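Below are two complexes that have chain A in common, paired first with chain B and then with chain C.
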Partner chain A sequence: MTILYHRPSGMTHVLLPPAPNILAALDAGPADAARIAERLGFAADDEAVDVIAARLAELAQSGLVAIED
Partner chain B sequence: MNGMADQQGGDGPHGHDAADAPAGFAPTRRRLMLGAAAASTVVTIRPALASTAGSVMNCQVPVPDPKLGAGKWIDGQGRVVDAGSPNAFRPPYRPLKAEEIRRAMQGANFPGADYEQSRAYMAYIRKLQNGMSGFTCYQSLQMPRP
Partner chain C sequence: MRHGFAVRVGPVGFRIGSEWQAPVAALARLYEGYPAPPDGVADFTVRLEAARPWRRWARPAITIRGDFTLPDTAPLPLAQGLLAAEMGMNLQMALGARRWLLLHASCVERDGRALLMSGHSGAGKSTLSALLGERGWRLLGDEFALLDPATGLVHPFPRPVSLKNESIAVMAADISHERFGPLIAGTPKGDIRHLRPAADAIARMAEPARPALLLFPQFGQTEDLRPVGPVESFVRLTQASTNYVALGETGYAALTALAQGIPAIGVDYPDTASALRLVEALWAEAPR
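Let's look at the complex of A and B:
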């Protein structure tokens, strides 16, 4: 479990895997779900990409990641 | 750099699993780390702000914050842009009411706004930061109510 304080919003978030892993994977730069899956060792794994995409949407909803065009 | 290099280099949080675990075990362990698509993994603890239902439902969020400049529009990502910018929308003619925002958070459109416009306004609202007009209102809306 990871506790994250988001300074811009003043909100605290409790993150369970794989949310912290996804944030860590984004340290290497912006990426889509497929690229993040690769970074986490799930290359060519469609099911993993679907799960990561769902988690990304959740992180975006929480304001912890920004979705670009 | 490709994904395999990331993995073998151990850069990722679980990059060393494959090396540590017996054959056939690592994929399961990795799969457990991922969980199911429907399993929520982010729980937000809201600050202790105004908590009565009355104050929550009476507050408003100006879109955009008047401090950011008059006549600005909102683009699809919730950014405040110059009027007439491509892929941007006119702001609502009045501040958005808490109840409207609450409904929009559940997928509804704002009055007089279409789907894309409503999502743009919500994107702006989600980006609000402490000190910006409407921030406290939005935070209050996200708190569980009795």
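Let's look at the complex of A and C:
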């Protein structure tokens, strides 16, 4: 588990893998789920991308990532 | 207010005003030997007021007011005036203190190092800290640990220990009755009796200590020890803090440093004798 303090909202989050890994992968710049899977060294199969996409949606919901249209 | 009392506990000065003489007299007896606030200036004010003007005399009932108040608190009977004052002081700290991260935990010190004990009401942290305070440890506080975000040190806040129900008799067996407040019966938490800490705890109330070990005691179970990881420790301490959210990133930094910096152990204990033995054993093993 990883704890994260979100400065813009002042909220503390407790994150389970792979959420912290996804955030770390986004340090290199905006990316979609497939690109994140690649950055994390996963084989870009459908399963890994689906999992990352689902976590990305949750992170977006809690305000930790922004999704561009 | 007609009657008043002022006292310093650790780094905090309080003044308590009351429409009745009895609660103030009880406070003065209980806090015998405590200093006054520096220069007579208090940080927080508590006022014990009549719920309605006529309730000063007719079925007298105390409403707790002060710098910080909670809405809809039920008035207490005058017989529980000391409890009302103590609750009022806790409330000021819980709602108003910003200089420290406040952890709902008891704390004792030995050799300059602090042992923190956190747990829900009834877990035994008050009783354990009171017992340790009579057995070679210095009581820093039974209710709040004041964690300084700048230094990581815990500041003493040695209020009288709030003993409840069975623990009253346990402590009264060994300690002079002069250090006890009156028995306050029939409170929402049962019987309550306050115990003034040992003279050493009051004399050294300006000396902070470095946290060294965090325990999460739990009473009434079979004996068991369980290491608690830093994330769980952190989450439990956020729940035990009254001002974590208010302090923002300062609180976060202070609490992550504490949770990552010292070992934390869950301690289930069936009776106080085994609790004391377990605490001493864990303390002996704690890293220096």
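Keep this in mind: the second predicted complex is superposed on the first by the 69 of 69 C-alpha atoms of A that agree within 3 Å, B and C clash if a C-alpha of one lies under 4 Å from a C-alpha of the other, contacts with A are read in each partner's own complex, and residues count from 1 in each chain.
As a convention for this text, contacts are C-beta pairs under 8 Å (C-beta built on N, C-alpha and C of every residue); 3 or more make two chains touch, one makes a residue touch a chain.
A quick note: this is a predicted structure, and the numbers were derived from the prediction, not measured.
The superposed arrangement places chain B and chain C next to each other on chain A without a clash.
Residue contacts after overlaying the shared chain place A:Leu26 against neither chain B nor chain C. Judged by the touch definition given at the top, the superposed model places A:Ala48 against chain B, while chain C stays out of reach.
Once both structures are fitted onto chain A, a short way to say it is that chain B and chain C open up an angle of 70° at chain A, using Cα centres and rounding to the nearest 10. Shared-chain residue A:Thr12: touches chain B and chain C both. Touched residues of chain A were counted for both chain B and chain C, and B has more of them. Chain B and chain C never share a C-alpha pair closer than 5 Å once the two structures are laid over each other. Annotation: chain A residues 10, 12, 14 touch chain B in one complex and chain C in the other.
Residue ranges on chain A touching chain B, taken from their complex, read 8-21, 24-25, 28, 35, 37-43, 48, 50-52, 54-55, 58-59, 61-64, 66-69. Those residues of chain C whose C-beta lies close enough to touch chain A in the complex are 229, 231, 234-235, 238, 245, 248-249, 252, 256. Listed in rising order, the residues of chain A touching chain C in the complex are 1-3, 5, 7, 10, 12, 14. Against chain A, the residues of chain B that register as touching in their complex are 2-4, 6-7, 11-15, 17-18, 30, 33-38, 40-47, 76-77, 126-130, 139.
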